[in-house]
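You will see two complexes here that share chain A, one where it goes with chain B and one where it goes with chain C.
Moving on to the complex of A and B:
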């Protein structure tokens, strides 16, 4: 029986038979459907996915006319720290635009947290202004709410990671609520500066990295930014496929945040005023690429069906069906892209 | 009350994060003359595994997870008191830390909370811990297991460094090693020579108990 080359979720190369690939695709879609209470992929979609996984070329692409746009997270830093080429961020963005054909990019500081960048906002604003003068593509300013930075000893708020294991649940929750207010202030402050510097938009990235309070901070900040600057685009990118309930009781617009999956997350992003939603689905490094991509596409399809704003799926190391390894292999990255666009109906990546 | 009902109630107490109920069930089990180890293993521990699974699916949240860990801890104290000294001696000591260069420790915190419920002493060195510190502290506390967590592909090699360093110092047989973290796999554990790999907190508990069993 012939076998097809594919990979595990950690990038390790493997050969699977048709039967094994089809079984993994079925298990993957079932897992997503079961977790998020959403429909599984249809027989036709699973067949299409099987075709994508087993296509003979190393690199595959979408059918003509199905091309999508790209946004990025901390894109301005990546040539420097992935390729070890010492260039400033503005030049990196120009290379992305003029050499690599990126549709948009975000400028972000290496510390990539709103709390950290507020103290260097004047430098960041100057960099944004310079970039805007030289580039044509939309350039956003990106950072994370990163609520953990507001906890002691780094910040003013009690550390819930220490309080929770001690059973001091109410204090842990109160600390998170306090941190939300600090984060909202910082995100809005940076957005104001970036608006003045000519940014095309803000990327509130990796929202939820510190749990449900982190998401609440992002949503509240988006709401305020949208009211103040209706023309400023806002992308809200997520940290994981479901919102981790570090607090557990926080709500936005009457909806409990903890435990929400992408198809429910996007509705709240819309409500707050986001223009683009960055859906995230985690890769399981112990499972195969067919399993991971089937699962990812199932979540994404439910999300794009529910959304009224564009959904740009996170496709990078450890997310979007892409293996968790330092240099994601092009064979599975292009297959993930094709599957997310053609079956998941992603508006962008 | 039959053993079956006690086991169901023990599991329920954990799932409901109800420490009072857990204590009552543990006391009832002893009054009925049931085997404390069986009640722990097939009742309370099942509840912990189930709640860990629900947490992994976004259906239960961190505060509940912590409260159920506390309920487990209180029940364990009661059941352990009834065990023979020899049984208690089976429990061991574990050192744990997130490797150098990595500051992610939410997952590790959950693993620590769950392992502590099994009356295993856990020395948590926190995050960004260099290999030499892991080894120094493992010697100082005379632990059975060294557990390391890495959330980044760039920090994963620190787990290999620990294995290499232990071999170099002639200490590899003194400790059992366990690895975990999102980019980690059983294949990685095999490749670097770690004794165990755990995918999540519930599996970490099972693996730690197995490793301690192997040491004794």
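Moving on to the complex of A and C:
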């Protein structure tokens, strides 16, 4: 019996038979459907996904006409800080524009948190101004709400991660609610500076990294930014497929945030005023690529069907069906792209 | 890079930046944004991702190119033209006008 090369969720190569791949695809879509109470992939969609997984060639691509656009998170930092190449971020953005074919990029500080950016906004804004003079592609400013930074000793509020194990639930909740207000002020403050600097938009990225309060901060900030600057584009990117209930009772527009999956998250992003939603589905490194991509596409398809705004799926290390490894293999990255666009109907990556 | 090869429009190599601008400013889904831009350029959505066709269009309309020769629009200059072509406001263009005393 012939076997096909594919990978595990940690990136290591494996060989699976047709029966094993089909079984993993069925299990993956079932897992997503059970968790989020959404439809499984149809027989035709699973057949298409099987074809994508087993397609010959290292690199595969979408059908002509199905190409999509890309946004980024910490895009301006990839070449400069992450690769340790001694260029400034503005130059990195021009390389992405002119050499790498990016459709947009976000400028961001290496700390990539609104709280950290607040104190250096004048320098960040000047960098945005210079970047905007030289670039043609849309350039956003990106950072995370990163609510954890507001806890003592670095921040003003008590640390809910310390209070919760002690059973001090009410105090932990109060601390998170206070942190939300601080974060909203910082995000709006940075957005004001970036609007004046000519930014094409704000990327409120990795929302939910500290749980439901983190998401609430993002949504409230987006609402205020849109009231102040209706023309400023907003992308809301998520931290994970599922909003963790670190608080548990927080609501936005009457909807409890804890436990929401992408197809419900996107509706709140729309309500707040986001223009683009960055959906995230986590990769399970103990399961195969066919399992992970089937699961991811199931979540994404439900999200794009629910959305009235474009959905850009996060497709990187450990998300979007891509294995959790530092150097993602192009064989599975390109297969993930094709599946997310052709079956999941993603509007961008 | 893998994304661009497998599924990307290609930014200013084609019309990717223009399509992205419609998503960001008008919340258009990918096919609506492509149709909007294609209609403005007088081509089909399929042709938007063809770098040969778009290279000629970007040259003719002076919309910014990956390897711009001398005397062509670059950076903010190209964005003035893009804003006019697409009928949208581009924040950096509006800021430029204000700071340069043009509005």
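In this text, the second predicted complex is superposed on the first by the 347 of 349 C-alpha atoms of A that agree within 3 Å, B and C clash if a C-alpha of one lies under 4 Å from a C-alpha of the other, contacts with A are read in each partner's own complex, and residues count from 1 in each chain.
The working rule: contacts are C-beta pairs under 8 Å (C-beta built on N, C-alpha and C of every residue); 3 or more make two chains touch, one makes a residue touch a chain.
Since this is a predicted model, take the numbers as computed values, not measurements.
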Partner chain(s) touched by A:169 [first = chain B, second = chain C, both, neither]: first
Which superposed partner A:261 touches (first chain B, second chain C, both, neither): first
Which superposed partner A:118 touches (first chain B, second chain C, both, neither): neither
Partner chain(s) touched by A:271 [first = chain B, second = chain C, both, neither]: neither
Between chain B and chain C, more extensive residue contact with chain A: C
Contacts of A:244 with chain B and chain C, given as first, second, both or neither: first
Chain B versus chain C as contact partner of A:285, first or second or both or neither: first
Parts of chain A lying in touch with chain B, wherever the complex brings them together: 8-10, 12, 35, 161, 164-165, 167, 169, 172-173, 211-212, 242-248, 258-261, 282, 285-286, 317-318, 324-326
Contact footprint of chain A on chain B as seen in their complex: 57-64, 66-67, 70, 105-106, 109, 112-113, 153-154, 182-188, 199
List of chain C residues in touch with chain A within their complex: 1-13, 16-17, 19-21, 23-30, 33, 45-46, 49, 63-64, 66-67, 74-76, 78-79, 82, 89-92, 94-96
Contact footprint of chain C on chain A as seen in their complex: 59-62, 64-71, 96-104, 129, 132-138, 140, 195-201, 231-233, 235, 275-276, 307-310, 315, 328, 330, 333-334, 337-338, 341, 346-349
